[in-house]
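In what comes next, chain A is part of two complexes: it sits with chain B in the first one and with chain C in the second one.
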Partner chain A sequence: MRSDKKISAGQLMLMLFLARIMHTMIFKASHSASGAAMMLGLLCSTAVEAVLAIPAVWYFSAGGSDPVKEISGKYSSAVRFLYSAYFAVIAGGTVALFAEFLASEFSKVTPPIVAALLLMLAAAYCACLGIEGLARAATVVFWMFAVLFGLMAAVNEGGFDLLNLRPFSPEDSGSFWDYFTESLSSGWWLPMFCVLAVHLRKGAVKAAYGYLALKFVTLETLLLLVTIVLWRYVDVIGYPIFALGAYAKTDFIERFDAINMLIWAINCTLVLGIYLYICSGSFKRPKPAALLFAAAAAAFGIVEYKNGLRFDQPWFLGFKLAGVALLGVVLPSAAAVKLLIKRSAAK
Partner chain B sequence: MIERTENISPRLEGAVARVKEEFGGSADLNVARAEVSGVKCAVLTLEGMVKSSDLAKMLFEPMMSYEQKGASPQDVFKYLGAKGIFSTEAKILNLYSELCEKLCSGFAVVLVHGVPRAVAISAQGYATRSPDTPDSEPDVKGTREGLSDNLRTSMSMIRRRVRDPRLRFEFVKAGRISNTELCLVYIEGKTPEALRKKTKKALGQIKSDLILTSGDIIPYLSDNGGSVFSGVSTTERPDVLCSKINEGRIAVLIDGVPFAAVCPSLFIENFQTVDDSAEKAYFSTYQRWIRLLAFFISTLLPGLYVAAAVFHPEVLSRSLLLNLLASEERTPYPLIAEMIIVIVMFEILREAGIRLPRAIGGAVSIVGGLVIGDAAVTSGLISAPLLIIIGITATSAFVIPSLNPQMTILRILNVLLGGWLGFFGIALLGTVVLVNTCVTDSFAVPYTAPLTPFTLSAVKDALMKTSNKKRPQENTVESLNGAKPAEGENTDAQR
Partner chain C sequence: MKKLTILLFAFAAMLLCGCEAGEVQRRIVVHALGIDPLGDGYEVSYQVFSGGTSSEQGGPVDASESTVVTLLAQGRTLYETEESLRLRTGKEVFMGDVELIVISDELKDADLTEFLRYFRIADIYLGVNVVYCRGSAGDLIGQKLNQGSATALLLKGVVETAIDRDRACSSRIIEISNTFSDGGSAAVIPVLSLEKEGGKSEDSTVTDVTLGVFESLLITKDGFAGEIGEDAAMGIRLLRGDASEMSLEVEAGEGIAAVELKNLKIKRKISIDGGAPLLKVAIEGIYDVRSAQEGVSEDEISDAAEKQLLYLCAQGFEALKSSGKDFIGLGKLLEKYEQGYALRQNGDFGGAIEGLWASVEAKLKKY
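Right after this comes the complex of A and B.
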């Protein structure tokens, strides 16, 4: 059943986007921050990411096929394992946050540990089916999101208060830096891109910069809505995006919370499937590898959840940033330079 | 067991004995002996496989009228094989294996003493059911004629609808014991050569002893072993088959089965019918959306109902919730058990309705609908809202019979997971099924096209019926509903 065919630039763009939006959804506001500061932080981090993406995008656009192989030759297995380990940790962090979300908002559903295990099991199965299935499913899930947001916007009873959007001031610089760092550390789309663009036939620029544009527009819109509709209420309710749904109401559907969770859970399973595919895709026997990484990520996620470790704690931020820098920027830069030298020598 | 290379003996008695031995003295092997201009001959047939009246006119009359003094066995054989017999198909056979194969296919075989060959004459005349209305795919304005059990009759139905020399029929044999004739149907120039070759190769790999249903060949045409949906569809309608092959697909007819397998097939096509072409575009579009809605209702509604009532009551409006609580309070079982009981009961009634003779099949719906349903609610065993949910679900399921197996199983799984984990369980199942479906291909054409890989123009055509005037006239498999792989995806079907 495993299918490892090529994917399109649009599909890669949507996979990266869904991974990012997953992180935004299960992001729990732990400190109050000015909306304008956050929006500015997002703008700056997106600009930095656009620059950081240049080596990887150039490498694939110039005809490079696999940066890991390019740079590490016969030691490529070791470097690939770095990617696997990094994404296993990211998967563990994601599952821990989702388990926390379920525990705090839907405590009746199932114990968080069971939820984490089931999520990983379903994700491992999806990963075993290959990148083509995941990429196609990403398109469907993206449209599900679009319909959900459209529907919630159409029936929203929340009032906009532009006074909530106070301008950026020097006192907000702390918030700005916090959000900038957080947003930049969520840039693991760069290492993701390096691994998944191997399956891309063409359109590396479209996939990378299309993703950045889509992410920027969507997140800025969401931040703006969260700020002008919720503002300080964010400190109380925890999940800002989730809280936006609380204002949506129809005669037939009283509250959208559970429907939000339904779509988020679908996205979480799919995104975890993509992470596990990245973890296991390069192994000779990817199916057992996917299961092993799923077990490892689940174990890590459960430990993280049980001990209250969070994605936005400094050690985790540092780990994520280091991964983005090494696997998403340094390595593709080295591969790009090597490719350039090879081309010059050939001429 | 006859070896494939064993030649027919020139001795008539020896040859007849060898064939009898091969058939193990089977009672249906008939041997008619005759003398033609003093040369001994034998006509071998299988009981009921040939039409006696045709055989008398085509074979026996010319045989008996042939009189030539001093005719040698070679002369008689030459006469029979070349000009003496009025048959549309006469073949000269050299091997016993060929002889047995022709006998089993309904040919009459003539052996002439002194000639190490035989003549096979097409005189098939076995009794078959006459073409019937396609019960499994009824429609309002399409043909009332369904494919026949008889392969030749089905072929003629297709030829009558596609009167073009580019229409091709290609025979393939399958089934190690049944030796069933399969027939590939396609339109030259529309069906990619690669698709034809792959299909033929796949049919050549069939390992089954018998081919009795289309289900015996479909697994070989679709390599998606663990897939929930199948990239190969079946049809009983000649008009549907013609429309599919006109889009560059290939169909496989099976002798003895009134269903043809068609590949590649797409998910979205389950929601399109022949009637779509007969109606106004706006109405057909509306109907397509209704069918799509019916699919999701049938698959998801019971699971969502259980999940919402047990875990997420906040989703339901207050008045609905109060009604539901009041009804559920009177029932002795938990909601999930109640739902499973009703679904299983419904499946039993449906199965009984199918298996029973038509004359009394209607009684099942009376027993099910009135007696069991009404009594269960009155006695307080089952709540009324739940019965309404099942009623809507069951009715929706009837809208898309081609997806009934998938809908039935997914419905039960949704109820189980919805009852155990709420919407979270439904989400897990939904993602697994979604990815599984997305990975399903049929001859490299994605089953989920054109929804994903997404093609805007094709999505429009698939979900919104366009006017017949505006529809593309030159369809090919590459363009069918956007099955053309998205930019960057593999393009095996086109190669």
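Right after this comes the complex of A and C.
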């Protein structure tokens, strides 16, 4: 793994945020839930993530350089491969959901599989540019997304119906637990953080908790808008951010669909590039490795898309949660304990 | 390598050019839809711009009134009518620019949810209003009026003015769809009517019909549930709490005054009183006198305007009770203020409406 300190805390925070928001962009709402239950679910899952992040954040703040090397020594290649395999599957799932989104919303434009292959090719190229290039691009893409999101919220034509925000009742507990689990299983920023923070100049706390705050505020705002403006129509359209754009227009922008599509495609390329960078970064020849993982992730994604497999199916939820727990919590906890013991022995 | 990269980017940029100059001409851009029954299916009137010489040559589309034409297509489903139009014209039908959808009242019992599903698939903007009309929707769209041809923009303007002045309820696709998703609810959909003006000259340059929204239909997922007049529609806006400005003509003392109500603030609360729900509505706002007959005092105008608001609410309340359908968001109010009672209703608020009481207060201040 290349361990040169190249990126700032803000850049890492934005890379983690874009990966999370990509998942929200292509997440298709499959069931109705009251806004309060979902908002509470997000609050609780964010609180749990904040606690789960403590070992990794402490490890880097205390001067640790690489938790994988710390814990596995000469077997670090094998452990790094676990990260590579995990993020190859996550990249495949992202491509599959993006293809599904294209098929459902832009069926007349480009065949989804062709688009998925092109995206993966572009992402492999991005991964080859290295962490600095990805981090700089993340800042640009973040501002593109922020302006789009702010504009769609500001010019939304819907009226606010605060009665939609009904209080949490025992009947909502099922929706609460569903959303809580889904939100927690989308916490693969923890393993991402463990790999990418190796390149961090300083500010592990700022990167991790800044990300959590940014994610929390953005997603709660989205859930609030969905609840009090769009209500059940989100179930019809399926994609919450897309639905927000579907009910917004200005004098000079009649439809937000095309702008949404452009920014989502750019973000998808960047986020896949980050995943492929994580997959290939530990290899001696990262460029061919990035292409190899891109091919593997594309193949997995296309099979997943063609067979209708979904990110929110129980086996996938389990896989994602297991990865978060093992690679994002257990491994950095062990590294933190080892670092602590090493320091105590040195004293 | 650098040259190759630049070439690749240049090639990609060429792909981003999107439409070639003539592509717009291979599409029919629809601005209004009129839906009428025809046997077991429908006859749909598509109001489109016919284009002009400049647009045929790749220039801007001529959107003046003289280029508006109405194309008719028949089919068993709305999709089939669109397909029929596509086949007969050899052009793609583009619905993203639709401004208004008019449905004949002969279709008031038809399944509106099916129509809504089609509008979504056809990519019609969610903020487009759906209205009914008396008689043929196709005739209405193709009508010559005092104001000019019944273009989509003119029809839309008439509907939106009625909604903005709180004389009709908003009936956007998203609003109707959300209303139907909340069990037991009814949508209040304006009826766009042509009215004959009596006593006009026989001068061929003067037409004797005008357009307006004077009544509304109550539509549920299961079909037609009743019809109401303009006063009841205004009352519903007040009971819903979404009225903001109104113009009223009131009988004050010995004369008549025209007042403009602005900045209406409506607070609603519901409680269970003696086992039955009691809806409390408090209306506050300011008024401005536009004209008043001589001898009418300010106090009399203020009293009369407040009484008029109570009268309108009574009309809306009567419509609510007689239809038995929740079109004022009663279910949501109960879920917020009386959750236990709401849960016992199990999503059906027909019983709650039957036993419902209302208490309305109106307080107006001079602008």
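Here, the second predicted complex is superposed on the first by the 341 of 347 C-alpha atoms of A that agree within 3 Å, B and C clash if a C-alpha of one lies under 4 Å from a C-alpha of the other, contacts with A are read in each partner's own complex, and residues count from 1 in each chain.
As a convention for this text, contacts are C-beta pairs under 8 Å (C-beta built on N, C-alpha and C of every residue); 3 or more make two chains touch, one makes a residue touch a chain.
Predicted, not measured: the structure shown is a model, and the values here were computed from it.
By the touch criterion defined above, A:A137 lies against chain B but remains apart from chain C after alignment on the C-alpha atoms of chain A. Once chain A of one complex is fitted onto chain A of the other, the partner contacts of A:Y247 are limited to chain C, with no touch recorded for chain B. In the superposition on chain A, A:A294 contacts neither chain B nor chain C. When the shared chain is aligned, chain B comes close enough to touch A:L129, but chain C does not. Judged by the touch definition given at the top, the superposed model places A:L148 against neither chain B nor chain C.
Of the two partner chains placed around the shared chain by superposition, chain B is the only one that A:M261 touches, whereas chain C remains out of contact.
In the superposition on chain A, contact is made by A:E157 with chain C only, not with chain B.
The wider contact with chain A, measured as residues touched, comes from B rather than the other of chain B and chain C. Of the two partner chains placed by superposition, only chain B is touched by A:T110; chain C is not. In the superposition on chain A, contact is made by A:S169 with chain C only, not with chain B. Touching of chain A by both chain B and chain C, each in its own complex, is seen for residues 254-255.
Per the touch definition, chain C reaches chain A in the complex via residues 96-97, 120, 125-127, 174, 177-178, 181-182, 242, 329, 332-333, 335-336, 339, 343. Chain A makes touch with chain C in their complex at residues 32, 157-159, 161, 163-164, 166-167, 169, 171, 230-233, 235-237, 246-247, 249, 254-255.
Looking at the complex, you find that chain B touches chain A at residues 224-227, 308, 311-312, 314-318, 321, 420-424, 426-428, 430-432, 434-436, 438-439, 441, 446, 448, 451-454, 486-490.
Listed in rising order, the residues of chain A touching chain B in the complex are 1, 3, 5-11, 102, 106, 108-110, 115, 118-119, 122, 125-126, 129-130, 132-134, 136-137, 139-141, 200-203, 251-259, 261-266, 269-270, 273.
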